[in-house]
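Take a look at these structures.
Next come two complexes, and both contain subunit A; in the first it sits with subunit B, in the second with subunit C.
Showing the complex of A and B:
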């Protein structure tokens, strides 16, 4: 017994040490790689060419580093789980949770690894604030400022159209609508969420584009059209999550308001809706996330000109970050392709910023 | 003087009859307690007095309930009725907003916009509910930061903010500790001067301590109704005596 547990202790110790050592090696290796990539412009340029010239070799090195560190980690985990059965389940959960984090981490690492050198090559400032997108010129020009602005326009437009309608619809669904209507409405909204974006795009092309052309002028392929369409697309997200949030508000709050002589409407809008505030905020975040990431539908109605627009030019076409990637990626190579990946990096940072901003807002609004 | 007069009140939840031929008068500026075992209809009855039962699907009521001689299940403005007949619930239910906004919600609902007037009402209501000293420095803090007992007194203050005639209390202390309970009992006795109070309670000592009249309910029927002293010392009915002495319930 004593001897057995001594061996067990030793094995545990060894596998724990292995975990720590090789885990940190993997992290350090990944960190060094990323750091190395944009330490200086010279080195970045060399690495940039190395990357495209000897991509396979480079990947090979990466694979060896990655697998080399992961195998001992894996082995250590197996030993640990055999020795401590009760902890094995816990470890399994941790691994599952890590898989999600790993997915995000890998996307981060590879996106930045491929995008950052190109951004440094072009000059980060020139890339972000340049207003010319001329991939076929010699030398080519890659300025994505018009696309950043375009993304902001259509997202803001989508919020403008989608959020008020979505919240009112959610209030109606949660607090007003009679059961028979709800039974029709709820599946309809679920269906709305399941429609592929290309179908939305088609609808936009044959219905919204002519509508905007005839009523507002211009070609119809415009910021306005894309905003309306995106507003429609975020509706199911905003409605469903806001509705759930309102349903989660304890009934006692509603009763408390009604018992003071408040009408149903006043109780709903001034007690239930404020109480569901954080859920409604979350609904808006997800809606914004969907709007800014939407590609296909926007591509089909937005006109796609890579030109810087002013807010009053909402009847002109625009190009967003997402559509920029999808429009050019099919034929792009070399620096053009790298610029598209860098566009992806900007989009990624964008989404990170928006999420952070909203979670800050949410935390601030949570108390009151 | 009677505040409420009930005559032959029957109430059904779909097929289930929850109240059977209730006839009683509730006097003004007194504390009337409803006691009885769970499911006896006492909460149902108190909720009929400000028509909160309207919110329950499948609820049907017959008979007559009059407030100051006016039939409340007739052609009246329910919101004005509920303004006159305030309610405090079993579980403290402050709104998730600031203490100030909790109290100001009622007056604002009834059209008071002046900041000065609202400040006045908030202070008076909190004072009347004996919670002003604890909250005056944190009116802009969330009401949810208060303790359970404080939350319940805040809810009483909220009910007082619309200047009701009647205060209905549906087991207001059953979720609270003994110290908070005694604070609320003191408060209720103090409030009797200005308000008619109807209180539902599971706690017979509480009924005996604070109420002037007591009604004993069993299976939807009003078994006995009279002065609290009489009910607790010389109950007229065997079933009342059995319940009070703890033989069932």
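Showing the complex of A and C:
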């Protein structure tokens, strides 16, 4: 036992020292390499620098240093993780847990880094309140106010169609539905949530658009069509979360109401539903998030004209923040592309606000 | 006052009836939305499904969905390889190792929730900027798989966390009691017990990847051909569907592709809920 642990201690110590020395050499070499790549205005293939033939001798030397010092680092890591399985596993798990933080960090940094300077250059106020989206003009004009308004219209429309139906359906699921029917309905609503948005969009294009055209007039590619379609798409979200919220209401409240002489219906609508208020609000907020963020389905039915619409023009087409990005990103370059990324930043900020509101309401509603 | 109100209203039966009728109507509407979408797509699509739809190559005359199918499989495989270990490991950390409610856990929770709420077009934009332009991967399987793997990470983390929490503490205590270490307990006892739940989550994630379009077309691209290597562009089934619907020149193929896509999604959903039901039964 004693001799064994002595060797183990020695090995651990040596590997730790090697890890620190060679690790810092590798980090410095890698940092310098990346720096050189950016300075040299080459394409910065950061993860490729192992295979990337450097242009100058410095870079080649740095590359050899980096690769040479990575070998002992790996060897030390292997030895350490064999000797100390428990700690090594824990470190691995912690690093994995950091992945989500890293991902959010990268998304924020790169979206804002690429979007904000362009926004400032165009003038944040002009960008947000400008009503002209003319990327081909000289000079081009990028105003996303029509898209912000368009996003608000289709979202409001989606709430108008989706939320009342969703809440009543949730009441049915939580309080009315007999068990055998529930067993069929629950997977059906999950399936509704799982249908890809292109399928919804396609359905909207071949069914809803002609339907609106024939019954309400216009081309059919309109705010109204997009609202109906989005209303259908947010149904499962609203139903599932409201149902969970109603199930989270303590049963004693229902029993108390019934004991006081309220009918089942009365107890459900006057006691349980008000008690589940925060959770139902959370469901609506998440539905709003889904509706604002939806891209493909809206793009296929909303007509996509970047024009400022009035609410009574609901049979005209509109363009939303999401569709603005998806329509132009494929071919845009220069300031046009920067304006699209800035549009994405505005959308991202909207979503962050909505998410914050959602988690506040969720906590208040006692939902998991 | 509230109680008095309850008594008073009890006599007004018609309102009760109307409200309850409304719940029936609304659930009926919800189910009919599902029936309408699924029914329309399947009935109109199935008759266009022909063997030529699965020809090896996509040509102008024959809009084969086979290259898109291969692209979908590759993206799914790559994204799962990236995301499942990381998602499962981080869930293990959150449930088994971390102190409940510590600051690190809270931060991870908040970021995971944020990731879950980000719309796919923002992922597409980020993937386009970061993997495509900054890392120089362009439109490729690599960019696509990395982007989508970030997208499904919160889903895998949440389902794994829930199924780990569902494993009774007695399992852990028994294992510790027999002298097993933490790692062995997690690896040999807890993880196998939680496996069905994790699997159900992974299958849901597959469904999400297959249904994804906005994030795919700016990272993987939308070119109908077999990818030759990991840095080659391609398309997935839903991107293929999107392209066909927009071109509008091949309505038959569009119908058929929509039907195939929907069938795949329905199968995946059924599989996931079957596994979830098995867990509840056991």
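As a working rule, the second predicted complex is superposed on the first by the 252 of 368 C-alpha atoms of A that agree within 3 Å, B and C clash if a C-alpha of one lies under 4 Å from a C-alpha of the other, contacts with A are read in each partner's own complex, and residues count from 1 in each chain.
Note that a residue touches a chain if its C-beta (ideal position, glycine included) is under 8 Å from a C-beta of that chain, and two chains touch if they have at least 3 such contacts.
This one's a predicted model, so the numbers in the text were calculated from it and none came from an experiment.
Trainee: Which partner reaches more residues of subunit A, subunit B or subunit C?
Mentor: In the superposed model, C touches more residues of subunit A.
Trainee: A:207 contacts which: subunit B (first), subunit C (second), both, neither?
Mentor: second
Trainee: Return first, second, both or neither, reflecting whether A:307 touches subunit B, subunit C, both chains, or no partner chain.
Mentor: neither
Trainee: Examine A:260 and indicate which partner it touches, taking first as subunit B and second as subunit C; both and neither are also allowed.
Mentor: Both partners, subunit B and subunit C.
Trainee: Let me test your reading of the model: by the given contact rule, A:270 touches which partner, first (subunit B), second (subunit C), both or neither?
Mentor: In the superposed model, A:270 contacts both subunit B and subunit C.
Trainee: With the two complexes superposed on chain A, say which partner A:252 touches: subunit B (first), subunit C (second), both, or neither.
Mentor: first
Trainee: Scan A:107 for contacts with subunit B and subunit C and give back first, second, both or neither.
Mentor: A:107: touches subunit C, not subunit B.
Trainee: Can you list the residues of subunit A that meet both subunit B and subunit C?
Mentor: 257, 260-263, 266, 270
Trainee: Show which residues of subunit B lie in contact with subunit A when the two form their complex.
Mentor: Of all residues in subunit B, those touching subunit A are 50, 52, 55, 79-83, 86-87, 89, 91, 93-98, 105-106, 109-110, 142, 155, 158-159, 161-162.
Trainee: Considering only the defined contacts, which subunit C positions touch subunit A in the complex?
Mentor: Touch list, subunit C to subunit A: 3, 5-7, 9-10, 16-17, 19-20, 22-27, 29-31, 33-34, 36-38, 40-41, 44, 85-87, 89-90, 92-94, 97-98, 104, 107-108, 110-115, 117-126, 128-130, 134-136, 150, 153-154, 157, 181-183, 186, 204, 207, 210-214, 217-218, 238, 241-242, 245-246, 254, 258, 261-262, 265-266, 268-270, 273.
Trainee: Within their complex, state which residues of subunit A touch subunit B.
Mentor: 250, 252-253, 255-263, 266, 270-271, 274-275, 367-368
Trainee: Could you pull out which subunit A residues touch subunit C in their complex?
Mentor: 43-48, 85-86, 89-90, 92-94, 96-101, 103-104, 106-107, 110-111, 114, 164-169, 171-173, 176-177, 185, 187-192, 194-203, 205-207, 232, 235, 239, 257, 260-263, 265-266, 269-270, 286, 289, 292-296, 300, 322, 325-326, 329-330, 340-341, 344, 347-348, 351-352, 354-355, 358-359
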